[in-house]
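So, here's a batch of structures to check.
The same chain A turns up in both complexes below, where it pairs with chain B and then with chain C.
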Partner chain A sequence: MTQQNRNKNRNQKRKRINRPLSWTSKYVEVLLKYATIFSALIVLVLFGFLAYFTLPLFAEGQFAELFSLHWRPFHGEFGILPMIAGTLVLAISALLIAYPLALGICLFIHGLGPRWLTRPILLLVHGMTGIPTVVYGFVAVFLLVPFLRNNFSHGSGFSLLAASLTLSILILPTIVLLINTQLEHIVPALRLTTTALGITRIHELTRVSLPAASYGLLSAAILGFGRAVGDTLIALMVAGNAAQIPERAFDSIRTLTAHIALVVATDSQSTTYHSLFACGVILFLTTTSVNLLLHHIKQRACREGNHE
Partner chain B sequence: MEPAPMKHKPFCNIRNLHVSFHGRTVLQKINFTLNNKGILVLVGPSGSGKTTFLRSLNRLNEYYPGYSGGGKIELNLSGSMQDIHCPNLELTELRRQVGMVFQTPNILPVSIAQNVNLPLKLVTGLNKAERKERLIEVLQEVHLWDEVKDRLKENSSRLSGGQQQRLCLARVLALKPKVLLLDEPTASLDFKASHRIEDLLLELQDRYQIIAVSHSLRQARKIAGQILVIKEGQIEHLLNKEQFGDQEMFQKLLNDIF
Partner chain C sequence: MKHGLSSGLVFIFSLLLFSIFTVPATAGDLDSLKDLKGNIDIAGGTAHIPVMKDAAKRIMTTYPKITITVAGGGSGVGVQKVAEGLVDIGNAGRPISDKEWTKYPQLKSFPFAVDGVAPAVNPNNTVSNLTSTQIQNIFSGKIDNWKDVGGDDAKIHIYSRDEASGTRSVFWKKCLNKGAVVESANIVASNGAMKVAVSQDRYALGYMSIGHLDHTVKPLSLNSVAPTQENAINGRYPVVRKLYMNTNGAPAPLVKAFIDYVMSSEGAASISNNGYIPLK
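What follows is the complex of A and B.
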């Protein structure tokens, strides 16, 4: 679309919006406007609050200590690097397990598997989104962790591996549903064309539909990553919570979210407590950048006409 | 260019074809032999089964849920009559040889060149140089080359409706089909673009057996070698050029039918 056309469209939209409104529409419009402002303000206030509480760390010159490798609060060391590393390694490994699985499920329900299985699988995946996180954690603690402990003689079983396996199950439905929505949109329109051309189903999916859904595939990965970073309970319950840089799959790790939960439960006064706000800021910035990235991808997809 | 099917030799032989969807009969008792006498145009009221008839020939009906059908269809694809339901004939190969163009241009969401290249690559496995050659050849064949030669990498959605439809035709032609099935190929196009497509089809009729559904009697009279009238799932008439050449007589005949 040319710039001129775009402006024309925008003006038309504006005209449509500027039509005289009835009393109720006006009321609703005002209400929605304030609701929007309020929600935006909450996010800003949250960030301000986090930043404000992180400030003492700067003032007391302890900021550099945050980025050290050691978390020994009783020795005055508040390094959160192990937690940052733990979070990243856990989120990435969970994504590496869940993403190919999700992609496989989506290809299965969009043509590689029998048609009658589509609905049951989708129902199952939808059902999975409703299961409370704690249930996954609970099952992992009683089944997965002992299994790892007994079959691999490395530590207690509470480990990066246990957490990433459990977390991958947690983020799986999110990724499946996102990719599925994309494919539902794209596949029916393309399938008739490709079938009529004599292109096989597997070629259609891998060479035509998936490339056409590339933005959706990317945003599903980013959102899955975002969910994995933000999750607290799984890491807290099964990752072992040792504040160390993970080196092996059987190492016990601690994530930023679990770290906050653990410290808040025991302390609310000292510098230890303030360092949590730094963790909060990092998590906040991570999720914000994930969302901004998604927004950016969506806009680019719309511009190139590959979306909608 | 591959040799055109021999003139006046039966091209298509249909015996006792019947098709239904979800138990509702769409086509029944179709017995028909087509001799190659130019473009065959199917006309008939909406819902009469024209499109289903067309889709029987590349077995695309089977793609739709609730399909059931039977009967025998033979097409002259490689010099001799071949049963299209024969297990030896791969479905993908049948659909390559019996190309189809739809009512609305169904371009793939890729570049102009890729619209031709991608199916070509996936279906025929030609190498890059051969594909490039074929691309130019078919774009020239549908008179699109001069309009797109400088923008082959652009997204094909930027083409006009008429250009998109010609691109779809080129995409099918690139696969070297023997038959072209056209399902109201100009239904979504304006008058001028429709004319271009019609003239193009008249040019192509010597090289391919063309079977088209049309909703426009003007168009049917312009391009048809024979007109097949379908009503309520059955063949009502097969008209030759003399019968539909006289507009008044043709109109009267159709008034009786519709």
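What follows is the complex of A and C.
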């Protein structure tokens, strides 16, 4: 899109906004405004509730105990640090596996691979987004876990490694689709120029298109990380759920989400139960900051786009 | 949750079949429900579900004016929901805790069955008996190889249950004697998941409700006493627990009639069929 075109678009938009609003559109605007405020309020109320339910922990003076290394509720130890570590290590390792793969797939689609394969690959990736998590979990329990157990003889196979491999497949389509959307905007616009300059496909992609898409690349990574942190079922089914700080790839680990799922049915008057809300607050804050970060990145990308 | 949903569907389906193929017959133990109508909502412990569903099915096919819903959730959920008045019966696989009694002093508890918890290994494992001390040493991490207890030279893969599990609670109290469990032990979320894990893993050691045992796993004798229903009844096998139905204060007539039916001889037969031992 040329600069002229863009200016024209912007002027058109301005005109549309300045036109006096009719009665119905005013009504719709008010309605939408309240809908927005309402949805925002729900999120705030949710956070308020979570915070409120962690209060008993403060009252019983057990808040500090949350940040200890051992989860032994029957001995009065409620440390959730192993779960926080497990969540982070699992999400990061899944991202480390999925991201290069996703990047490779996108480069393949946008020039490195044969053209006729583009559509089938995109269809496949789109199809992957529709597969329920539990299917990946089942396949991993019956194929991947026994494979790891029998071929490496480091424990039961329910491990960080098994979970991060499975989780990386889950977050792969999210990352691919996000990067792909970015490249779809950028690559065609640049291809004519780069071809005219005699730059090879590989150089075009790695030196021109990818740097131009850097914000998209970053937001894809962040969103993939967010998905990995939020997933419950794969960790619950495959990671082994031992509440310990992960040290090796074959260690059994427990994530915050799996921890909540495991413990939620416990005696609702106990400290064990109240400590879950602290886990909820941490998860909520993590996903909120992921979203804020994304928003921030998008805004910066827009601003810099305007300065071009 | 998934399991609950699918078994719920099966339940509805079998109800349909029942209503097509059976003519309401006269039933001795069901007579007390004859003139009653209304709803009973049940939630809580998952071990109870087969027994509750059996009773609900029989009552609803005989007296269509009575509607009974059965949901899971776990023992803690059962106690909380019944005490808050959200359900009529809250099931628990453990007694009501002291803290729960303090907050909800109005609760009434009705024990109706006994369930045993057995240590279990893979059918390919050569070990078939362990002493309590050996099991405690394995779970606390002092023994970590099967060869130290008479098996192959291989690391023991320990599987345990989550903190909300009534099965874990009784195993920990009566078999592990409230001893430590290594933090590296794998945790599974249900009796079903335990069975899958142990049946797949040649060097696994886990524990599960006697009602869930089948040919895919091998129960271990504890101090040379086999974990069977007979041994649990005559008291030789010690790792047992009671299953409870709880109500919010004295039960309403319909709920009372339901509880009486579960404890009747027909109810007892259904409890035995599901692998548990009726309390008599």
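Criterion: the second predicted complex is superposed on the first by the 283 of 308 C-alpha atoms of A that agree within 3 Å, B and C clash if a C-alpha of one lies under 4 Å from a C-alpha of the other, contacts with A are read in each partner's own complex, and residues count from 1 in each chain.
In this text, a residue touches a chain if its C-beta (ideal position, glycine included) is under 8 Å from a C-beta of that chain, and two chains touch if they have at least 3 such contacts.
It should be emphasised that the depicted structure is a prediction, and the values quoted were computed from it without experimental measurement.
Enquirer: By the touch definition at the top of the document, which applies to A:165: first (chain B), second (chain C), both, or neither?
Expert: neither
Enquirer: Of the two partner chains, chain B (first) and chain C (second), which one does A:149 touch, if any: first, second, both, or neither?
Expert: It touches chain C, and chain B stays clear.
Enquirer: Does chain B (first) or chain C (second) touch A:102, or do both, or does neither?
Expert: In the superposition, A:102 contacts neither chain B nor chain C.
Enquirer: Tell me the contact category for A:190 with respect to chain B and chain C: first, second, both or neither.
Expert: Only chain B; A:190 stays clear of chain C.
Enquirer: A:73 in the overlay: touching chain B, chain C, both, or neither? Say first, second, both or neither.
Expert: A:73 sits against chain C, while chain B stays out of touch.
Enquirer: Given the touch rule stated above, what does A:264 touch, chain B (first), chain C (second), both, or neither?
Expert: In the superposed model, A:264 contacts chain C only, not chain B.
Enquirer: Give one of first, second, both or neither to describe whether A:200 is in contact with chain B, with chain C, with both, or with none.
Expert: Only chain B; A:200 stays clear of chain C.
Enquirer: Does chain C touch more residues of chain A than chain B does, or is it the other way round?
Expert: More residues of chain A are touched by C.
Enquirer: Which residues, counting only chain C, touch chain A once they are in their complex?
Expert: Interface residues on chain C, with respect to chain A: 2, 73-77, 79-80, 97, 99-100, 102-103, 155, 157, 159, 162-164, 172, 178, 180, 183-189, 196-197, 200-201, 203-204.
Enquirer: For the complex, give me every residue of chain B touching chain A.
Expert: Interface residues on chain B, with respect to chain A: 58, 60, 63, 91-96, 99-100, 102, 106, 108-110, 118-119, 122-123, 155, 157, 171-172, 175.
Enquirer: Give every residue of chain A touching chain C within the complex, in rising order.
Expert: Residue list for chain A touching chain C: 70-74, 82, 134, 141-142, 145-146, 149, 153, 155-158, 236, 240-244, 251-252, 254, 261-270, 272-273.
Enquirer: Show me the residue ranges of chain A that touch chain B in the complex, using the header's touch definition.
Expert: Touch residues, chain A against chain B: 186, 189-200, 203, 207-208, 211-212, 304-306.
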